[in-house]
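Working notes for the structure below.
Chain IDs A, B and C follow the sequence of writing; residue 1 opens each chain.
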Amino acid sequence: MAPASSSAPAFEYAPAPESRAVVDIAPSYGLFIDGEFTEAADGKVFKTVSPSTEEVLSEVAEAGEADVDRAVKAARKAFEKWSALPGAERAKYLFRIARIIQERSRELAVLETLDNGKPIRETRDADLPLVAAHFFYYAGWADKLDHAGYGANPRPLGVAGQVIPWNFPLLMLAWKIAPALATGNTVVLKPAETTPLSALFFADICRQAGLPKGVVNIITGDGRAGAALTAHPDVNKVAFTGSTAVGKQIARTVAGTRKKLTLELGGKGANIVFDDAPIDQAVEGIVNGIFFNQGQVCCAGSRLLVQESIHDELLDSLKRRLTTLRLGDPLDKNTDIGAINSAEQLARISALADQGEAEGAERWSPACELPSSGYWFAPTLFTNVTQAHTVARDEIFGPVLSVLTFRTPDEAVAKANNTPYGLSAGIWTEKGSRILAVANKLRAGVIWSNTFNKFDPTSPFGGYKESGFGREGGRHGLEAYLDV
Amino acid sequence: MSERLSVFKTYKLYVGGKFPRSESGRVYEVTTRTSAAAAAGKGKWLANAPLSSRKDARDAVVAARKAFGGWSGATAYNRGQILYRVAEMLEGRRDQYVAEVADAEGLSKSKAAAQVDAAIDRWVWYAGWTDKIAQVVGGGNPVAGPFFNLSSPEPTGVVAVLAPQESSFLGLVSVIAPVVATGNTAVVVASEKSPLPALSLGEVLATSDLPGGVVNVLSGRTAEIATPLAAHQDVNAIDLAGADETLAKELEIAAADNLKRVLRPQPVDDVDWSATPGTDRMTAFLETKTVWHPTGALGASGSSY
Amino acid sequence: MPTTAPAAQGPVNGPVHGLADVTASDSTLRRLLHGLPGVDTVGLEARAASLGTRSIKTTAKAYALDLAISMVDLTTLEGADTPGKVRALGAKAVRPDPTDRTAPATAAVCVYPDMVPTAKEAVAGSGVKVASVATAFPAGRASLAVKLADVREAVTAGADEVDMVIDRGAFLAGHYMKVYDEITAVREACGTSARLKVIFETGELSTYDNIRRASWLGMLAGADFIKTSTGKVAVNATPANTLLMLEAVRDFRAQTGVQVGVKPAGGIRTAKDAIKFLVLVNETAGEDWLDNHWFRFGASSLLNDLLMQRQKLATGRYSGPDYVTVD
């Protein structure tokens, strides 16, 4: 990797850190219920740390069942008025929120980088612009629901219980809250235990926007709070993004109820590179596919399927490219690879990578010095991987790419589909008909051809098979929050 | 002259385009369901229906999976033609179904005829949907970048369908047709007490150019057959129309193991099978696939935008 | 990756041997050039834009500014050029910042062939090279004989470098042999002393696929440098087309062992832009190209902005156009 090269490179980029001063983190935060920050009923708190330094950033309240109940009651109370508000008025609240997010985007980007560990380059250029865009997009739907294809005057469901992961904390919040509010629901949202801060800052944005009390409630806590929320009898809608294992548990919880459920779960995306691919762009797509956000992306292209005839050439290019990745301080504007989100996640990635090695796959990482504190994992490739290897089957959720080969398009499709997951896939070829034929056969909800990891609020996102069900984004994303 | 002795029909399952007996070798008695019969505790014997086992369910899933590639890959136009053909074949055997439905549901001939006519019309309705649903629920998305972005519906895969218990034919058709119209394949569990119209439907499907395995019909104890189907890892979705509240909950829990798409039963009071169905039963078993591709410019000179 | 050190190379490249069979005819050349990997426009431009977000500060910026100054081919290519203008340009190239002798000299001055003697005199003894455009610059629409005469005049007058334009018409018509033969003929006319830069006029080639093909064609024919543009059309050097050409020289060296330089020209006016190009070099071709033997900027107004930024860095205050020389 660039900073750790043995001989001093001629063009060494000096540190270019983004200023932390733009964000003011309070020493402690309460739960945001009914428009007020309050302590947990039992007074419990937990600490949130910066994954790149292990520094404690703040202490936040840990919601228990009583708090969940209080939040659901607040949302229920707010529902009547909020859902009765003319769509155009709801729209204006959402537009306000979108604007305030734009105004405060630098602050939120730095905050997100501190709490999550991802590079400022990503929070600044990807997360925050997409967050604002998502609110803008759904704001516009609020008074046009009659035209959305779900019949005249489609009704909201009621109280939405939403549980989101730590990989894109604020973006996942936007994906959940924007469509829910646009359609007239009220929400109780639980951010992930390791990344609660941006949701709490969002609570402040709701306050600045003058959003009526109780329409958005944020409860922080661990999986127990999430379980209490999804199981709460007065919740009408459950939306979850996270692991497939937890998703299945939630599906069992809501079985036999009238709760509407959408799940956005894991993946093991295949990035298929044919021998006639635009190679340089394919290399960028592979890198973006698995090292964006340290690979902690449900739709990551974690399996590289490369046509045998160009395997060596592509791998040389890929390895050369990986040596230019810059790992380190996430606040440095030149950092490409930040910290892993938590010690727990780091342990999981390490264990799976070790297993890959133990099972005989060949492990490679660029020369790379990892910072001494914080949670770090070097970008890693596994070659000589077969479908039977654990690293080809299990979602690692880290910067680890498994490289497999294929000989024919049929074989590529068969291998790509040979997984219980079905979230994303990539196709790289200059032949248009092959793109269409392969895209048609892949069992995945999002197919990127000659690109990867692109997101847009107008574009529906979601999985096949064990990657979950329901779509977020676009007109399709409204359905999850309407009684249709 | 003595009256001619009629030939009974041996009702068999319909699996993979063939008409096997149950692997269990067992049958159960099917009787008429007139209110008088119900009052007497038992109706008139109609036939013995196969009592399907979990292995029959397994075989049906294999057949449905095998048929999925071809059926989902067929053109929407072709699927529409075949569904229309089903209506044509039914029309020709209308009297048979009127009789079977009258017996099964204890209806007068005229009420049974209305059910059968509505069922035939329902096939016609869905035949017309095959090449329209993608336009209604899919489309281009105006993403903020140089990309062409298109969302299209695709069939979920193998769908286990628990047919409604009461409406033995119109209800049955109303749950099968939307599933297969969009390219899914189905394993259907017929109404437990009134399976005969469903088993006979297999005969029509088999002569309508519908590829074997696209629809598979099992008869027997709903709970017994549905339980392995709900837990089956190669079933992608389940329609619980024919399950009661307790069974529906159990099945939904089992379905979570591989995250099947679950269509919960409507409260029995709300079901009006004669109403125009809308698209819900199709969209319940459709996935949305979104494909991105760069558009770029005609040239690198920057002047071609 | 072969580690061909720049020093191990001769002063100039020649046609690349061992690939004789591919340079046999239009069709064999087409097969080679059209067999190169395609270029996805959106992906290429996104990569170039992404590298453009690198933040180059303090010591890195000081290094980059001096490197960029040392890579400038300080250019005047106007009908109104006079010996006086060229002499002033030469003086500026040798000592870009009269107030600060630590500012490096530029790589070369770039003039029309008839101005080469004047330019030689102006930079004599400084190490600054004299480059001359030739081959009926900028249109390239003349007979080969005229083009070669143009080249010989420049070389005879002492040009260290010749910047030729290819026949874009022939290239777009698929007459790759014609383009190839013309480059090899010019290469020969340059002799062993002058390095040859081959200008594609990428704005006229229109597609990135064409730019990659032209790059390989030029390198196969013996180019020492591949250069984007004449500076005379609407679209000249861009981060994307330069990135693409950097990929081409990188891949060409990997395949043949021969290192070729890259020169974006036209449209690079600010230090900020120049530094973005250096980032492209650093992260694409690598540090072997971070030297004015292998990378140049064809520019005129860029130099003063580099100098102003250099002054800002030294003094901490923003400079102004009155504090750099206008030549």
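The definition used in the following text is that a residue touches a chain if its C-beta (ideal position, glycine included) is under 8 Å from a C-beta of that chain, and two chains touch if they have at least 3 such contacts.
Computed from a predicted model, the values in this text were never measured in an experiment.
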Item to check | Higher-contact pair (C-beta pairs counted), B-C versus A-B | outcome: A-B
Item to check | Chain centroid nearest the full-protein CA centroid | outcome: A
Checklist outcome for this item: Rounded to the nearest Å, the gap separating the Cα centres of chain A and chain C is 44
Next on the checklist: Nearest whole angstrom, what separates the Cα centre of chain B from the Cα centre of chain C?
Outcome noted: 69
Checklist entry - Distance-wise, how many Å sit between the C-alpha centres of chain A and chain B, to the nearest whole number? => result 37
Checklist outcome for this item: Touching at least 2 other chains, the residues of chain B are 145, 147, 294
Next on the checklist: Multi-chain contacts only, two chains or more: what residues does chain A have there?
Outcome noted: 450-451
Checklist outcome for this item: Expected list for chain C, residues touching two or more other chains, is 40, 42-43
Item to check | Interface residues, chain A side, partner chain C - complex | outcome: 9-16, 121, 125, 276-281, 284-285, 316, 320, 324, 333-334, 430, 450-451
Item to check | Of chain C, residues touching chain B in the complex | outcome: 40-43, 45, 202-208, 210-211, 234-235, 238, 240-241
Checklist outcome for this item: chain A contacts chain B in the complex at 133, 149, 244, 247-249, 251-252, 255-256, 258, 263, 265, 420, 435, 439, 442, 444-451, 454, 456, 458-462, 464-466, 468-469, 471, 474, 476, 484
Checklist entry - Where on chain C does chain A make contact in their complex? => result 1, 37-40, 42-44, 46-47, 53-61, 63-64, 67, 244, 247, 278-279, 282-283, 287, 290
Checklist entry - Within the complex, which stretch of chain B touches chain A? => result 136-137, 141-145, 147, 149, 151, 156, 236, 245, 248-249, 252-253, 255-259, 261-262, 264, 280, 287-294
